[in-house]
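What follows is a pair of complexes built around chain A, which joins chain B in one and chain C in the other.
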Partner chain A sequence: METKNILEVKNLCTYFFMDSGVVKAVDGLDFVLEEGSTLGIVGESGSGKSVTSLAIMGLLKGTTGKVVEGEILFDGRDIVPLSEEERRRIRGNEIAMIFQEPMTSLNPVIKTGEQIMEVIRLHQGASREEAKERAIQLLKDTGLPRVESMFDEYPFQLSGGQRQRVMIAMALACNPKILIADEPTTALDVTIQAQILDLMQRLKDKVGTSIIFITHSLGVVAEVCDHVLVMYCSRSVEMGEVKTIFKNPAHPYTRGLLASIPKLGEHVEALESIPGNVPNPKFMPKGCKFAPRCKEAIEKCSQMEPPLFDLGGGHKCRCWLCEKEAADVRSSGDGAHGDCGDGGGRTSAGGGVNE
Partner chain B sequence: MFKKKKEIIVTEEMDMNTRFSDFLRNFKKQKTAVAAAFVLLVLVVIAVVCYKVAPFGINEYNYAELLQGPSMKHWFGTDEFGRDIFSRVLCGTRISLSIGFFTVTVASIIGSVIGLFAGYYGGILDGIMMRVADVLYAFPGLILAIAIVAILGPGLTNVVIAVIIFCIPTYARLVRGTTMQLKNSVYVRAAKCIGASDMRILFKHILPGAIPSIIVQYSLSISGSIMTTASLSFLGMGAMAPTPEWGLMLSNSRTYFYTCWHYAFFPGMAIVITVLCFNLLGDGLRMALDPKLNDRA
Partner chain C sequence: MSDCLLEIRDLKQYYPVRTKEQRKTFVKALDGVSFQVKEGEVFGIVGESGCGKSTMGLTICKLIEPTSGDIIFEGRNISGYKRNAMREVRKKIQMVFQDPYASLNPRMSIHDIIAEPLIIHKLCRTTQEIDARVLQLLRQVGLDDYHAKRYPHEFSGGQRQRVGIARALAVEPKLIIADEPVSALDVSIQSQVLNLLSDLRKELNLTYLFIAHDLSVVEHISDKVGVMYLGNFVEVADKYSLYEKPLHPYTQALLSAIPVPDPEVKRERIILEGNIPSPINAPSGCKFHPRCRHCMEICKQKAPERIDVDENHFVYCHLYGADGKLKK
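For the complex of A and B:
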């Protein structure tokens, strides 16, 4: 079953050039987003998730950050070298974005309806009346009550959940091919979170967008995503289908993350945690960046950084423990029998620990 | 009962719907500012109708009644040529107000645009503009205006140019500050995300955020502008005789200061009242537009 890749990120390197030195916010990131699917990007703060989304949007201009290497193929076309003018036509129209803080992402001095109409008019050249009609329809689609009166209200008169719905309506106004959601539910309370996730799923199916979902929360990933990309220290450490990752996490970091989720009905004194902190980007450890915090680290880990091993079925992991497993997958042909390879591979990874 | 509750909600919504009504409500609480606004309104009306209602012509010489004190015929007395000071003060309103409004309007537009660009793009453009503003700031306003008029030559037109030039940095700074603050806000980033162009972001998303401070500064600058115009005329660098300009009238009255109090008093009062009212209005606007200064907003 061939699915088209709507977005391919190849060897993306985004560095920030500061007075105090170069910070490699994203360093050699590869991933693909299949059409109509949802990709979750998970990682701690500072792991490069948000910078990745800004690079895709082309919003690094005016900061000290720059895409120094790599390609971002949108619909088969590299959008990194495009001019500002061309990028602008893509932004909002083909790739849209929702931010973490619904409280501050609407302009406080412009009426809510006006802001949605702006997107429509910018990209579709619609008249005021057409834009208004469409905007009202969009707001209704998000399940907001009393849309007509809200249309002429200012953002401060709306609640956080309502604003996030408005943001979603704005983002989906031009039926974008990709929607980047940067922790869209973090600032909302739990019941509203569920509603917003639900809404995004529903609208995704309706509009046919692919979603990149950036989040801290693995629970959210399990709920909405098809694929996951786990980032640690500006690099991907593991990626694959949600089912695979949750069932057979290969990377110790992913396992640590999963172990630190509180489980319903279980009574524990303290939650699992990953010891230590994310290393300072200016003093990256040699070798595997997770090695200093890793319980399963072997000698090799602190000497050489592991490549991204292919474990079959799209499951990739950047860990030396997977080396043998990856070799098995390779020798057994290709990733076509990935599902079978996974089960067996797990044990061989375990064997790696004993070595 | 249920019905009644619903009604209350509806009226509340309608009340909250306009920011302008909020502003008006806050402004009405500033009693002095309202009074000042009223006086200014009267002054504007006077400026419009002055030539029609003035009892005498501004250059109606009457050598039979030189330097007379206030009387029923000449309310503010007469000057050294027997001209009616009341009529001249009345007609001076038009000159002062129109120069005040014109200079500040032009300066605020130019200054705001400079501030927007400097604040948004930063870099060399910002550096150059702000250093120029610093230099302009380093001069006391009046000295700067004198220097400009000295270069351009005396006359009201050149005074207008001088006042515009020295008002610009204030607006450039003010708007630059707001722009730098707002350009990093999430909603400006969100606007970029929907594909808005720089110009659109500057004028539609950032400028409205700066408008309240511009309005306050507008009112305060007008008083400064009127003062400077009068001062330059007083120093003989602005309006030329026989223009009925308040500063010029004050200047002419100096010779008769010890004998005819009314000659200096009325044009002087006209300046004081106008300037005071603009200042009071500015303060009131600031209180009404900035909810942080207004504890019951």
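For the complex of A and C:
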């Protein structure tokens, strides 16, 4: 059965124009989100994960950032050139977002219930009574206790986990087709994180939303995502199904990330670690961005940036070490649908089986 | 015990607060905590936000005065020490803080930051001595000589944390209290700093009190782990027995809540209901009882006693009899 791609991002370039120069926050990013699936985007701070989500939401207005190139196809339609008015109709309605910090993303001077009602009234033209009824139902769905009294409370009166539940209720108010969750559990304790992940999974099954899950925690990705996109320095370095990425990571960066997290029940003397730091975006290395930190770098790496090689089965990797493997895949005709997309080529993070 | 470096006995830290209902009441951030740390050991403290783990670090370092209880460091009870006496002790106890962005003075160069403890404690006599020592410390934590002239804003999070560690090492302490030293760092940097801390410990024979909320990080670095909940330990054990056979229902839930970075492992997760109750009106009896799956009548009334399961493992829970076995 063919799965539909609810979102396709093609060659997305988002640059920030500052007095001190241009910062390429996202540079030539391609990925797809299959309907009903969860895509995890992982990367370190500054790798461009959050900017990607802001670009999809159309929330870069008012910053120095701009989508300079590329398409964002939502349900087959490019939403980049749309007017602010048209974008607003999509935002919060068909594509909704949950932010990292539930304290700063709720308005502190408006009652929680009021904030959820606003979304419903704005996008669905419901009356106050209808909106209130629906908002209460949404809050109940998120498993919050004493919903009626909480409705008239302000965000500061709630705990972190409760605020994040309110955010989720608000994001799901219009049954969005896509939910972008930007580090939704990073600010929360582990037991609360487990509650929220569980809740998101349940609501996803109920509403049928596709989710983009942005996080730096590989543990969370392994638990909730179907596909993964690993970003490093504004670019995708590897993508594929969760199982493939965790079992057979191809890119040295992905391997380094996986090796550097301490695992429960595993006792090792020293952790593997990736030496060095993420390069300053204003002084990007020539060639592969990861080469200066890479243990396996060869001469070619510092001269030319590798394209995204197709390793078959939707698994792609931006590393010269994969060149041979990709050629084998191509000649055997396994991953025949994709020429090794060079930056602008069509690539898909998902399934990729197009029979 | 002779090799016991730090002993805490019935330590209490109450913060006075006002609420709507009561004019004067207390947040019991530490409510009678007792434990021992042996020399050369890494003692990890885990717990969720608000359980009192940071207060523990600050109180032991006497950056806040304890309400009551004893802090015995190298056989001396330092809980009553005043400022001047404490200054001597701080040569032996140093802290590394969570947020490397907030814990370094932005207007001081790295050299000045690391030299400050040397000057305060009169450890170096001449400028040359100070310079040499600062460079030695920088190299020890994996930074370069030229970094000394720079300012904190020029560094990444991981590098700043290295500076914080160098500053703590400057006075050649015996005990380092590290309060969430890696939680503000990216994954790839986190492992660098953890490895650095492990190497330094071997090299300099340090003892760590390692406070963190991440159980996998604590398991990696610690020898012994204490799990805190609302101002008290609920379970303390060496890491092997704690992670392999956690006894307290809270420890079990915490361990099961950690996402495992392996998509093939699907575990039964114990989802705890509700939030941590406010420490102002902590629940009666066992403080964990409102969220506990195994809550019994006695749990609501009586706080559980310490039960020694074996030499290195104790738990506070009514589920276990005095012999350390599970009651039927």
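Criterion: the second predicted complex is superposed on the first by the 332 of 355 C-alpha atoms of A that agree within 3 Å, B and C clash if a C-alpha of one lies under 4 Å from a C-alpha of the other, contacts with A are read in each partner's own complex, and residues count from 1 in each chain.
In this section, a residue touches a chain if its C-beta (ideal position, glycine included) is under 8 Å from a C-beta of that chain, and two chains touch if they have at least 3 such contacts.
Remember, it's a predicted structure, so these values are computed and weren't measured experimentally.
Asker: Quick check for you: in the superposed arrangement, does A:303 touch first (chain B), second (chain C), both or neither?
Answerer: neither
Asker: Under the stated touch criterion, which partner chain does A:105 make contact with: chain B (first), chain C (second), both, or neither?
Answerer: Only chain B; A:105 stays clear of chain C.
Asker: Who contacts more of chain A, chain B or chain C?
Answerer: On the superposition, C touches more of the residues of chain A.
Asker: Which partner chains sit in contact with A:137 here, chain B, chain C, both or neither? Use first/second/both/neither.
Answerer: Neither: A:137 stays clear of chain B and chain C.
Asker: Between chain B and chain C, whom does A:57 touch in the aligned arrangement: first, second, both, or neither?
Answerer: First partner only, chain B.
Asker: What is the contact status of A:152 with respect to chain B (first) and chain C (second): first, second, both, or neither?
Answerer: Once the two structures are laid over each other on A, A:152 reaches chain B alone.
Asker: What is the contact status of A:170 with respect to chain B (first) and chain C (second): first, second, both, or neither?
Answerer: The answer is first: A:170 touches chain B but not chain C.
Asker: Overlap the chain B and chain C contact sets on chain A and report the shared residues.
Answerer: In chain A, no position sits in both the chain B and chain C interfaces.
Asker: Which residues of chain B touch chain A once you look at their complex with the stated criterion?
Answerer: Going by the criterion above, the answer is residues 13, 16-17, 19, 183, 185-197, 200, 204-205, 208-209, 211.
Asker: Which chain A residues qualify as touching chain B in the complex?
Answerer: Checking each residue of chain A against chain B gives 57, 59, 62, 88-93, 96-97, 99, 101, 104-110, 118-119, 122-123, 149, 152-154, 157, 167, 170-171, 173.
Asker: For the complex, give me every residue of chain C touching chain A.
Answerer: Where chain C meets chain A, its residues are 48-49, 156, 158-159, 186-192, 194-195, 198-199, 213-217, 219-220, 243-244, 253-265, 269, 271-272, 274-276.
Asker: Would you mind writing out the residues of chain A in touch with chain C in their complex?
Answerer: Its residues touching chain C are 44-45, 145, 159, 161-162, 189-195, 197-198, 216-223, 242-243, 246-247, 256-258, 260-265, 268-275, 277-278.
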